[in-house]
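In the two assemblies presented below, subunit A is common to both, partnered first by subunit B and then by subunit C.
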Partner chain A sequence: MRKIRLETVSRIEGALSLEIKVDSRDNLAGISWKTDLFRAFESLGVGRPLEEMPFLTARICGICAEAHHLASLQAAEEGLGISPPEGIRKIREAFGLISWLRDHLTVLLLFSGPDLESFPSPDSLSWLEKTGLWDLFLENRKHLRRMLEIVGGRGHLALGGIPGGWGKKISSEERKELGERNERVLLLARKTWELYWEKTVSQPFLWPVQSPLVALSPEGSEVLVLPPGKNKPLRFPLSRFYETLVESEEGSFLKRINLPPFGAYLVGPLARFYLFPSPDFPLSREAHQALKNIGEPDLSRASLFRAYEVLWAAERLKHLLPELPINHSLSFAPLKPVRKQGLGAFEAPRGLLLHHYTFDLDAVIKTVKIITPTAQNLGVISDCVPRFWPYWPLTEEKNLLFEIQRFIRTFDPCVPCMVHLLRNRSPRDSSPEKEGQRKIF
Partner chain B sequence: MKIAVHNLLSCGGCDPVFFLEESPEFFRKAEVIFWNKVKDETLKVFRKIPDQGIEIGFLCGAVKSPEHEEVVRLFRRKCRTVVAVGACALWGGIPGLLWIRKEGPRPLSSLVVPDLSIPGCPPEGSTWTVYLQGLLSGRPPGPSEEPVCQECPRDRHPFRLSDFKRFPETEPESRGCYLSLGVFCAGAVTQKGCGARCLRAGYPCLGCYGPPAGLTARGERLLSAMVSALVPQKATEALKNWRDPAGSLYRFDLATHPLVRKGKCGRSD
Partner chain C sequence: MARIPPIRMGLSRRDFLKICTIATATMGLPVEMVDKVAAAVKSSERPPVIWLHFMECTGCTESLLRSSHPPLARLILELISLEYHETLMAGAGEQAEEALKEALKKYKGRYICVVEGAVSTKDGGIYCQIGGRPAIEILRTVGEKAGAVIAIGTCASFGGIQAAAPNPTGAVKVSQVLSRPVINIPGCPPNPYNFLSTVLYTLTFGHPPELDDLSRPKFAYGRRIHDQCPRRPHFDEGRFVESFGDPAHQQGYCLYKVGCKGPVTYSNCPVQRFCDVGAWPIGSGHPCIGCTEPSFWDRMSPFYEHLPKIYIPAGGGIRVEAEKAGRVAVGAAAAVVAAHATIGAAKKVLKSISGKEKDQEE
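Moving on, here comes the complex of A and B:
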């Protein structure tokens, strides 16, 4: 038995190390993950005022802070029994789209970009320079930062969300500025899509998906589950889906989520593509059609689906911006919960994100449960490694580690988001009896 | 110029990736020796670098595990200049609130002395630029002595309080200083530099830029200002109803509180 250790999986969000055990015949005998990024957000939220949760939980992840902000806001509002007016909903949608764009573009052009080249891959900065997109990428990071600042008050880890309302007003000049900046974002979105299409489409299928695909329905009240080989998704009310999930620990402090009876399932761009309707916008419609023609879901092309979503988000934003209310009046919801708990869901860039809180009558938090996209995808990652193991180059350790990392990166994992498991307090632990009791059917 | 970057216990939000667009020329010319976000290198390689062989090392995040400690010490040895980035590195950040349960992280400065400390959760782009340019030109800035109130658009005037409030309990369009509305706004005990971002987005300041230069016991000072504004007959009731004292007073820097340093912080404190 030999052990292969990888101290840090590179080009992902956060620090994750791997240990792989290989037997004398080069079979995979085990793989374990390790991270020391445990920050116990599910614990430190307890005792805090409900209205602070959108701000606090945005600190779970510096990359998809805005997604946590929005999911948290929704959980708070469900507990308070309020739903924001149409105009505020549009501002929040724009906020989510801008953060999607920044997140996806960063992942595509910095983290996974070099994976388009063969081993040994260049570092991200030189790769970006070589593609000729360096200047446009940096220019657009500036645009997106400013856009978040306009909509959410800060350019990074933006805020703005207050239960029942939105604290940052948008002036008519600012709305115009948003539109102008988004035109440049759209240009980069197009170039990124073209680059990924050109480099990816001719590659052979490598990693076919054999797990159910899961996404929040576009109107947000249901969860869609597409089992492998099926064409029509099953639909579940959001709260029922949440209640069914089973949580367990994988490696040190990593949260893994299973959906009985399916087990592991996949969330994120690839799942959304197969579960969402085709878009109405010209560029993304064309890209959607092209993607449909390439065949079955395949993990080795996951980045291509991310690139498609960049195009879609920029086009959706273009249509949405003229509808944003100008200088809306501020409103706060009374801090009087009508329920003892609240569940918020948001399709984050990496996939479905759930925040569940219970609170007391003064709207002070009693428990927090956070289900992140990476925690949901962890099961598929773990289950796929043994499946794809025989196809990876075992003779050269460096080469093998590169392939494994490349595979992990296709999920765009986020380590700070993975590690919120609290030991000894899960009502949804993974004992087989409980899994049995909680089947979704 | 050789540089290294690493995230310790953090959300990854202070990572210099976010400041690429602020300092493109700096990053273009820099030779990245170690930075797992952009490069396939491991600490193994970093350990082999001669001592002082790297010009600038950027460290984000707080310290909790032995591995974090090793990296911090390694950075101090290998880098001529160590830059601590963000509230977690400087004061423990939001995870420092875990000290209420006696298990939080520590700031980087509890292990080594950084040469430059960039405040914020996360630092604003403009703050990053001022600090980096100052460092490169040999005049690294330190913390400001002035508070966020200097940059705040809200109106200040003398006030008396009959109760403490949570900010959604105030009149949404009111323009008055949050303290005068009974809300624990940390702006008065937080160094300026962010442009009062949260105040402009409808939130009170939650204190992420840390204390102004020379100010100690910032939480106790804020508490004292609020308590002294309470009308005496209402003071006991207001204090009894006040939720989350530690979070209101030391949201980003509980890990640096003397009670924590002396191991005396727990639920009852």
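Moving on, here comes the complex of A and C:
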């Protein structure tokens, strides 16, 4: 029995390591995941005012900050019995779309881009320069940051989220500026889609999906579940879906989520593609049709679906911007909970994100539970490794590790989101505390 | 593995001088110094940098790379020679660790160690490990041999969110681990100009800038937000926002009564704005939450209640009113501010009375 260690997987958000056990015949004998960074966010929220949660949870991850901000806001509003007006919903949607664009473009052009090349892959910055997109990428970082700033009040770690409202007004000049900047983003979106299409479409299918696909319905009240081989999704009310989920621990500090009776399931761009209706916008409709024609869901092409979503988000934003209210009136709802819990859901760039809080009638948090896209995808990643193992190059360890990392990166995992949220302890941790062992928090 | 190679930045001379000018102004230096700063950037060897990520959200790197106009991120990447950066490098595992070892050997005593994130100390530091090694151990190895150590962001500078009560992982700030001076550039996230200006200052003058008691460059953190705030005249005149969305809020009045921590927060946000020319919290109508100060998640919470009423979460859903902590932490400044606010409000009342008297006389 030999052990292959990968410490740490590069070009993903956060630190993830794995140990693979291989027997004398090169069969996979076991795989264990390990993350080396645990911040216990579910503990840190306890005892804090409910209205601070959108700010606190945005610090779970600097990449997914906007997604946590929005999901947290929704959870707070459900508990407070508030429903924001239509104009505010549109501002939040615009905010979410800009964060999608920024996040997906970062992942496509910095993290997964070098994987389009053969082994050994170049570093991100050299690869990006070689594609000729470096200048446009940097320019668009500027545009997207400014757009987040216009809508969210700050380019990073936004301040817009107020229960029942949105704290940052948008002037008519700013709305015009958003439109102009979005045109440049759309240009990069097109080029990114073309690059990924050209590099990916001719490649053979490698990693077919055999898990249910899951996404929040576009109107946000239901969760859609598409079992393998089916054409029509099952529909669950959001709260019922949440209550059905089962949490377990996978490796060290990692949370895995299963959906009985299906077990592991996939969330994210690929799932959304098969669950969402065709878009009405010209470029993304064309891309959607092209993707439909390439066949069954395949994880080796997951980045292509991400590139499609960039195109869709830029076009959706273009159509949404004229509808954003100008200088909307600010309001701050009274912080008097009408119930003692709240559930928020948001389709984050990486997939379905759920925030669930319980609190007292003074709006002080009692428990926090956060289900992230990566925690939901972890089961699929774990289940797929044994399936794909025979097809990976086993003779050269470097090549094997390259393939495994490439596979992991197709899920665009965000490890900090996942691990910072683990429930406090498991029964096996009840041994006496000693140096180097986890203790009860 | 070789370090991350330099990239053709395509930075125009105009942009370059613009950045140098803003950075020079940020440092509080006269405009005549711009040429000297620019010369230092151009002539000096690119300082090798080892960038460590510990307990953090990568928000500081994100904030830095998300800088907008002028293209600050380009200059930063041009200015420094990034030898090791987990998020941006291609290699992984042993390859990455080899790169780190190589850089440590080659640039011993000359490299800048930039740390993003806090360090776990509980249970032997197992809650934050890189490549199987606890962060605390890596920091000691890399930090002690560096030419300079910069803690970027509030997590590295003061412990940040993971060090908030009940601090389950025993997270601490970088300077608590190292027995050497550390330059702190706090902020959640920090302003990239404050980082750039600190590096530029050191390159230009050969020594770090003057620091305050919390090891923050005085040029960036020497004055309270309150003293530089464009809404200060409203405070002085007793014009306060009473609740979000009220007419006073629409008019852009002072946010002190809805929780603004500007009076006890030291930072150049009002002048520098957030991330160069952009917006900043108070400018967007949101109270400052004091993110450049130590333990702000505990000391400044609740964010929407005004000073000095400070609560500290004690776990299990209990919140304790920490009058004592409030007094020690921010009480002195808050008392002055509260007195000042009262005077402002009194002035407003007097004005209104005198106005009424005037009307009656007429």
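We adopt the following convention: the second predicted complex is superposed on the first by the 419 of 441 C-alpha atoms of A that agree within 3 Å, B and C clash if a C-alpha of one lies under 4 Å from a C-alpha of the other, contacts with A are read in each partner's own complex, and residues count from 1 in each chain.
Criterion: a contact is a pair of C-beta atoms (placed from the backbone, for glycine too) under 8 Å apart; a residue touches a chain by one contact, two chains touch by 3 or more.
Here the structure is a predicted model, which is why all the values come from computation and not from measurement.
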Subunit B and subunit C placed together on subunit A: clash or fit? clash
Request  = Would you check which partner chain A:Lys366 touches, where first means subunit B only, second means subunit C only, and both and neither mean what they say?
outcome  = second
Worksheet item: Who does A:Pro163 touch here: subunit B (first), subunit C (second), both, or neither?
Response: first
Checklist entry - Does subunit B (first) or subunit C (second) touch A:Asp123, or do both, or does neither? => result both
In the overlay, answer first, second, both or neither for which of subunit B and subunit C A:Arg39 touches.
both
| message | Output check: A:Arg145 vs subunit B and subunit C. Expected answer is one of first, second, both, neither. What do you get? | response | both
Quick one: classify A:Cys61 as touching subunit B (first), subunit C (second), both or neither. both
Dual-contact residues of subunit A, meaning touching subunit B and subunit C, are 6-11, 13-15, 36-40, 43-44, 47-49, 51-52, 55-56, 59-63, 65, 110, 114, 120-121, 123-125, 129, 134-135, 138, 141-142, 145, 153-157, 159-160, 162, 165, 167-168, 329-332, 364, 405, 416
Note: in the complex, subunit A contacts subunit B through residues 6-15, 36-40, 43-44, 47-49, 51-52, 55-56, 59-63, 65, 106, 110-111, 114, 120-121, 123-125, 129, 134-135, 138-139, 141-142, 145, 152-160, 162-168, 329-335, 362, 364, 402, 405, 414, 416
Per the touch rule, the subunit B residues reaching subunit A in their complex are 7, 9-15, 17-18, 20-21, 24, 27-28, 32, 36-44, 64-65, 67-68, 93-95, 97-98, 100-101, 103, 105, 121-122, 124-125, 166-170, 172-173, 197-198, 200-203, 206, 243-244, 247
In their shared complex, subunit A is touched by residues of subunit C numbered 4-5, 7-8, 10, 53-63, 65-69, 71, 73-74, 77, 86-94, 96-97, 120, 122-124, 126-132, 160-162, 164-166, 168-169, 171, 188-189, 243-245, 249-250, 274-275, 278-281, 284-286, 289, 297, 301-304, 313-319
Residue positions on subunit A within touch of subunit C in the complex are 5-11, 13-15, 17, 36-41, 43-44, 46-49, 51-52, 55-56, 59-63, 65, 102, 110, 114, 120-126, 129, 134-135, 138, 141-142, 144-146, 149-150, 153-157, 159-160, 162, 165, 167-169, 329-332, 360, 364-366, 401, 405, 416, 433, 435-439, 441
